[in-house]
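To keep things simple, chains are lettered A, B and C as they appear, and every chain counts its residues starting from 1.
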Amino acid sequence: MNRSLLQWIMAGAALILVLAVPLLLSNYPYWLHVAIVGFFYAILASSWTLLAGHAGQFSFGHMAFMAIAAYTTGILGRDLGLPPVAGIIVGTLLSGFVGLIVGFLCLRLRRTYLALFTIAFSEILRLSLNSELDLTGGPNGLHLERLLETTSRVPYYYIMLGLLLASLAFMYWLARSRFGLFFRAIREDEEAAAAMGVHVVRYKIMVFVITSMIAGLAGAVEAHYIEFITPNILIIAQMSLVIAMAVIGGIESLVGAAIGAILVQFALEFLREIPLPEALMPWVVEMGPRLEAIGLGVGEHGILTNAWRLVVFGLVLMLTLRFARNGLIFPIIDRLFRQRARKETVAKRVQAGEVEP
Amino acid sequence: MEITGQYLMNLILNGLLIGFIYALMALGLTLIFSVLGVVSFAHGEFYMIGGYVLFFLLDTFTGLNPLIAVVLAGLATFVIGFIFERLFLRPMAKGEIERPGEYAILVTFGLAFFLQYIVLAIVGPYPKKAQRFFDLPTLDLGWISSTATTLRIFDIPLSAARLTAAALAVILLVIAIYFMYRTWTGRGLRATSQDKQAASVVGINPLNMSTLAFGLGTMLAGMSGAALVTVFSWVPAVGVPASSKSFVIIVLGGMGSLPGAMLGGLIIGLVESLGAGLLPDPNRALAYKDAFGLAIFALVLLIKPTGLFGREL
Amino acid sequence: MIELDVHDVYKNFGGIQALNGVSFGIRGNELIGLIGPNGAGKTTLTNVLDGVYKPNQGEVMLNGRRISGLPPYEVARRGLGRTFQVTRAFRRMTVLENMLVPAMALHPAARQKDFHDQAMEVLEFLTIEHLAGEYARSLSGGQQKLLELGRLLMLDPDIIILDEPFAGVHPKLMETIYEYIMTVHEQGKAFIIISHDMDSIFTLSKRLLVLNYGELIADGDPKVVKEDPVVIEAYLGEEEEEGPTVIPARRLAISEETGEGDDA
């Protein structure tokens, strides 16, 4: 009883804090922007976790679905004058439809082949977006109408946050429902699941459709926020970043992946410049050319990390996979909010001979 | 655009030349897959690094024999691959990793990300290209003629850089085949790929074979890159299409089939060249070049989820 | 009454004819043993019945409806459940969740808690109810086998196919499995049990089907089938290749003839 109350209080406090952020950061619109982008990635990372971590479908085409919706709403807005909200809806539906097709095509593909096929799909889409200049603007990108008639970032913060919370709630409900049971059975052993009556075809396609729609929705909304998209949103490195966020957060945990994404996003921003004491700055400036030779830079108050920040995350990803398969964030959540500690102890007690097997 | 026999020949020859290098790269990936059972999603990044290493070697040590530079580039990628395998892949074989299949995909994907960005950080985004290794002798025999940069057979131009790269690839392929089929180590690798337990029973250490296979595989990728950096413009992202091509080739040729990989390389080289050359819109054609192989790949996977010939995953 | 009809089923893979015109029927809650030498096609037959394979020729009817050609999940819903030779529990799900999967699959409108009590009852019957909250992967091999059997019951099938249920099982567990089979059989379900454990098969089954090289070479009362010369030959043929006691004797005989040995 006590523990449960404490958990609710903690969750409540976290929620209030998150809702109050814009008030705290009203003088720092840049950080609001970072938060908004963080929420965007959180939606992508958590939906990918549902697809890969829960249902076992290691698809690398997630960003492609996101891009399909973004480009759809952009193109329809430009050519048909469709207002953003309508464009977002159509884009999301189209993502879902393509997700249906891809899910169907992938039915017979097993893990590595699924990964390879979805990479191919994503790359073909990217190459097409780059080539069809008339339709998409190619590498020069596509401009989109803004979603709201306001220059403030605050409403976008709440919109993205709202989308994140709504999608997390939906996916959480899904995971706890019969569908989650089926997804995980399919992940564990597709043949055994089928022998147990689970309609594997229907549910594999379903998880593709749902997660691609969620990714599409996030992509379309984000596109109308940033007001500009290029085929670079689809590059494999972006998919890797989302995967890194999901793995670091916890590949089997929706909330873990979401928090992981937000933290990684903020960390990437914090790491842009490593602040050094003012006294050291002259030395840094002097070292300028040598720093630049290895890809660093001289900032106003420290050293610019440039691409090295992402190198760090690549390393963190690999190390997390090797040493912390459950992620870095999820174990923390688990200890605070669950009673899973019980899980392994009964088995241990059996081994110790205290309980009859 | 008129499609003459000569134009077609041009496409075919140039496609084949590149195909040899693809074959070399794919051979590396097949070797890794057949011994470790893992598709390395970072294969293209080793190709990319090989190219950069060669570029910087030739740039810094101007008198360096380019062939030695290629070997050094191969050694560099060998070492990186070796280290990665020992640290991140060997635990799989020792049973220390849960859900190894999933892990292998994710960790090599992570390696690709890591390598791409570390190179981007150090080298920067601006393209590099290495000078061709050798100038061709000037000669003119009517049907065949050459200048320093280009060989012309029946008026079909073939660049010296491309020819050298292809020749290099063929030599390396021959060495690789000899190694795999005639040397003790090579046979050990092949034995391990067919049956780890049986191989260990006759005294072959499968753990070491795995590390060797991975290192050799990445070495072949690196040397392919070292060969092609004289032909193509190099950026850190160049590994991504290379990875894709390697996947396409091994699925087409059959995962784990050495001859299949080599044949697949030639086929993809041809497909790309013909596809790009025969598509009516030249702008589109170039942009879609990489997509042809991918499209064929996607189709093959749908029709036969385990590739054209070769063992199942 | 339960009716299963297997009509003239053929199944081949590439050049290999795995099933060669197999026909038999089941009426009511029979307890059938399916035996045959290795490679005879027992698991293939199971896979055909279960929908994993589609027969090249012939058909399978369950309770009047055709099930051959249907996917496994449809066959499961129509009332045929099976286990696999290697236990295939859902490892990263709890024992209870394992039990709920088939229940949920069969009852689209139900909620998980509707089947909680039933699942616990079955687990209790199988003596593993205390493991309900444990992840299946932390169970011992024997416990996982019991879980599989419990899972099957949640499917409420008319016909249960057990593929090597006794393989590698210690005596105490064997007892539990026997009890399971007898109890469930009495409740009205039919069983097809594939096993190499002759003692168990002869104890349990009222009818014996013998497969050899994809053909059904015997079908009937175990006591009669046991003495059938065709059956004996099928098994003897195999024993000669596999029995360890036979070969050294042969080798000894040969070496005596050719005079090989230390003093040759």
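In this section, a residue touches a chain if its C-beta (ideal position, glycine included) is under 8 Å from a C-beta of that chain, and two chains touch if they have at least 3 such contacts.
Every value quoted in this text rests on a predicted model; they were computed, and no experiment measured them.
Just count the C-beta contacts per chain pair and the biggest one is A-B.
Comparing chain C-alpha centroids with the centroid of the full set of protein C-alpha atoms picks out A as the closest. Chain B has its Cα centroid 32 Å from the Cα centroid of chain A.
Computed from the mean C-alpha positions, the centre of chain A lies at a distance of 44 Å from the centre of chain C.
Each chain gets one centre point, the mean of its Cα atoms, and the points for chain B and chain C are 48 Å apart. The residues of chain C lying in touch with chain A in their complex are 50-52, 71-73, 76-77, 81-82, 84, 88-93, 97, 100-102, 104-106, 112, 130-131, 133-135, 138-140, 142-143, 151, 155. Here chain A touches chain C in the complex through residues 178, 181-182, 184-185, 187-189, 191-201, 342-344, 346-347, 355, 357, going by the rule given at the top. The touching residues of chain B, counted against chain A in their complex, run 39, 41, 87-88, 91, 97-99, 101-103, 105-107, 109-118, 120-124, 237, 240-241, 244, 247-248, 251, 283-284, 287-288, 290-291, 294-295, 297-298, 301-302, 305-306, 313. Chain A makes touch with chain B in their complex at residues 58, 60, 105, 108-113, 115-117, 119-121, 123-124, 127-128, 130-133, 235-237, 240-241, 243-244, 247, 294-295, 306-308, 310-311, 313-315, 317-318, 321-322, 325.
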